[in-house]
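Structure incoming, see below.
Think of it as A, B, C, D and E in the order they're written, each chain with its own count starting at 1.
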Amino acid sequence: MFDVVLLISLLLLTLSILVGLYRVIKGPSMPDRVYALDLIGINMIALIAVFSIYMRSTAYLEAVLLLGILAFIGTVAFAKYIERGVAIERNDD
Amino acid sequence: MEILVSILVGILFTAGLYLVMARSLLRIVLGTAIIGHGALLLMLTTPGLQQGEPPITGGDAVSFSDPLPQALILTAIVINFATMGFFLVLAYRSYKELGTDDMDKLRGTEDD
Amino acid sequence: MTNIIILLLIIPLITGLVLIFFRNHLRLQRWTSLISLIINGIVAVVVIQHVHIQGTQTLNLGGWEPPFGIVIVADMLAMLLVLATIIVAITCLLYAFKTIGEERERFYFYTFFHFMLVGVMGSFLTGDLFNLFVFFEVMLLSSYVLISLGGGKRQLRESIKYVLVNIVSSMFFLVAIGYLYGITGTLNFAHMSMRIAEAGQDGLITTVAIFLMLVFALKAALLMYFWLPGPYGAPPMAISALFAALLTKVGIYAIFRMFSLVFYHQEGMTHQILAWLGIITMILGAIGAAAHWSLRKILAYNVVVAVGFMIAGFAIFTTTSMAGSVFYIVHDMLVKALLFILGGIMIGLTGTDKLREMSGMIRNHAALGWMFFIAALALAGVPPLSGFMGKLLVLHEAIGEGFYVIAAVGLITSLMVLYSVVKIFINGFWGENQLSVEDEKMSTKGTLLPCAILTVLVIGMGVGAEFVSPYIMQAAEVMSNPSLYIDAVMQITE
Amino acid sequence: MKANDVILQTVTKVVSFIILSFAAYLFFAGHHDPGGGFIGGLVTASALVLLFLAFDIRTISNGIPINYRLLVGIGLAVSTVTAVGSIVLGFPFLSHTFEYVDFPLFGEIELATSVLFELGVVLTVVGGTLTIILSISEDV
Amino acid sequence: MNVTTIEVIVSVLVLFGVILALISAFGLVRLPDVYTRSHAATKSATLGVLVTLTGAFMFFGLEEGFFSIRLVLGIVFVFLTAPVAGHLVCRAAYRSGVPLDKRTVQDDLEPILGTQEERQAENKERHRRPHS
């Protein structure tokens, strides 16, 4: 029973990732796509957590934090690029 | 499962080669990166995807998975990472230097 | 004794590393590079003597026994190529001192030079397929940096193509490694050869072998040489000479090793393909060399012709023909470096690489002209010089074994190669002298020394063929008898 | 008008320490568990990249004055020296050894020479990654 | 606690989190403009993943007796960063002049940062000369 619940959860998470993918493709604006990518990253964190419960293994848990870091840095870089036209500023003044 | 992953490898290779044939230099870089992922995935798949404990951590498991493909792939990832980094910098430098990222305009003539 | 083999790789590695920290001390960088290469050459000679007396030497890294660990194998073929590599490297380095320019020297030229040597020699010495890939990549990454270093517009443009071709072919190399590992379950050459000999080389393995052949053919510019002339013409000639002498040879060595040690059961299939690839490459390369009027292009196409000849000689697959190929590969490394350096001096003097715009240089530079003439004759295989022995052995075997096409094409392309090089000689050295000493763009001071070294070696290798041939024959012996190699690696003693 | 990044900068100050400690964990886990020098180096580099993103190149370069190109050299040197050290001591190249040592507070700890090798890898990866990223962003 | 009780608690937590994630994904598709979508993408998705991670943490902590520092760090990390990421993207959207939905009744920032057309033009200018 417990495993069935976990499987259903995995399925629903996959579905929400696919739905997010629709928003990535469709746009219409750049921030929309970034939001959708962020959502996909966060859903993947949840996916790994559920999957590691399903496998009864703690070997996957590093990936939780790692994906969180990557998603955050990616989103910040995108946001700064959209806003400023450059991701890393120089501050030459 | 191997068949599913093989199809995925095929898709990755197709997408990568399609991108490599594009005119924009950035797309070419991304295409090579995607081909790289396809090749690594294929290396993981060809010896057979095994069920079993990780070979180092589990002490009392019945079956272990083959540790060698992972070691090879880790090395290949490092190499791919270095190559991609260099290629990216090279593409960026030449975009700055030549003022275009269109491969058709990069064809060049005999004389210059 | 065993640890001495790894010195061959460690000395350039450490030299390259140390030079990172002395970025602005140009004189120190030059001398350190030269001294480390000379020491490495001495080590290589010692190892060759050792291998000559005691047979193939191996070293298990980290103390892991093969097939589980990484193994470094020094057999005669690999060691001969290593020694030739070091000689070529020394001469290219001497030439680079004068011509490469301070900006490149400051930007880690010597570091990447040494790293590339690590890659090249590692590829020769490694005993398993995956480390072949790793050393290939070390070599290629350094060559990417060298080819794009200090780049102008043209150099950047050509290096993009070079990098792209090599990255894609590396990916296919990985795919081939994956397939082979899936089929045989091992990556060690010797172990793989044993497994395939036990199970028989079926169609699947032959297919993978042909796939692997294509990968190496792309790296060695065998048939798929379309990428070669552009990038080899773009960087400074010191780097071009290094590339022409070393990089394609690594691909050829990989073909030699794989198809003599591992995939030797289906000769009718794989070696036939190799023979035809070699023949077509020779023809196309010779046409390219004869047709072009640009010095760099002619030299680049000459590289292609030599690749075709070596592979065709190997594909005949008798001990003598392989000896001829090994002889030719060593000769080719020396003579290509010589030709490229001489061409570099010519371009440096006149400021152009168009043959029609240069003439009469022999009046001011007699030594240069005669060295070029000797190199041209050696390239074509005129008797007392180094190219003769290799061509003779290969052609003799080709006729004896019934490969008449190889013999005919080999002879005709020799003539075309001779034509193309003599074309350079006539246009560059004969005729009216248009260039007074004051007009010249650079002086030949110091650059003739590496040429002289190489010329002496080219003549010496031809005249002293008696002295060289025992070593060559030993290399061919190991190639034609895989059990020698396997026993040495797996430490099987009768 | 000039935008201010006070929210991002405040969070970055906290988060970068989380990332760095995670990098240290990954680095030391590498001997028996998933992890190791390469991943540890990449995570360390990502922390530095986050700092560069939140502040700017000049502030961070003043705060952390490291020449990343030189870092690559130092890392490679450390790795090579540990590998060559085994030759000097008479073992085959790349041999490594380990020892269980009783520390007063932590109990028994395994000390392996391969950790030194991995340290070189970390330095190389951090240096290489940041060299790439900064050389793309620096000379616009 | 016996095993089944833990499983029930974990199931409830995981399902709740997953359903939240799904709802937020649908919100990302259904809502009209980028500012309303930001609610879906950051608030509910963050809550969803936090609840799911808590479920995983409880599972490993209670059933296997394994107190996973990595998961705690992960929870703290996501809790800290997800709102900041949402804030940054939303600000970038407004400053780069992404249009609001037609049904919007009030825009308090417009007097300060300029109209949508002005913002778009400014953003284009910034992209052309990145280091002004």
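In the analysis below, contacts are C-beta pairs under 8 Å (C-beta built on N, C-alpha and C of every residue); 3 or more make two chains touch, one makes a residue touch a chain.
None of the values given here were measured: they were computed from a predicted structure.
Looking at subunit B and subunit C, the chains in contact with each of them are D. Common neighbours of subunit A and subunit B, by the contact definition above: D.
Each chain gets a centre from the mean of its Cα atoms; the one farthest from the centre of subunit C is E.
Among the chains in view, B has its Cα centre nearest the centre of the complete protein Cα set. A straight line joining the Cα centres of subunit C and subunit E is 57 Å long.
With centres defined as mean CA coordinates, subunit D is found 24 Å away from subunit B. Separating the centre of subunit A from that of subunit E, both taken as means of CA atoms, is a distance of 10 Å. Once the centre of each chain is set as its mean CA position, subunit A and subunit C turn out to be 48 Å apart.
Looking at subunit E, one finds that residues 70, 73, 77, 81, 84, 88, 91, 95, 130-131 touch two or more other chains.
Shared interface positions of subunit B, defined as residues touching 2 or more other chains, are 54, 57, 82, 86. Residue positions 59, 62, 65, 69, 72, 76, 80, 83-84, 86, 90, 92 of subunit A are each in touch with at least two other chains. Contacts from subunit C toward subunit B in the complex involve residues 130, 133-134, 137, 140-141, 144-145, 148, 151, 153-154, 156-160, 163-164, 167-168, 170-172, 174-175, 177-179, 181-182, 185, 187, 294.
Contacts from subunit E toward subunit D in the complex involve residues 69-70, 73, 76-77, 80-81, 84, 87-88, 91, 95, 113, 130-131. The residues of subunit A lying in touch with subunit E in their complex are 1-2, 5-6, 8-9, 12-13, 15-17, 19-20, 22-23, 29-32, 34-36, 38-39, 42-43, 45-46, 49-50, 52-53, 56, 58, 61-62, 64-65, 68-69, 71-72, 75-76, 78-80, 82-86, 90, 92.
Interface residues of subunit B facing subunit C in the complex, by the touch rule stated above, are 20, 25, 28, 32, 35-36, 38-40, 42-48, 68-69, 72, 75-76, 79, 82-83, 86-87, 90-91, 93-94, 97-98, 106, 108, 110, 112.
For subunit D in complex with subunit C, the touching residues are 69-70, 72-73, 76-77, 80, 84, 87, 91-96.
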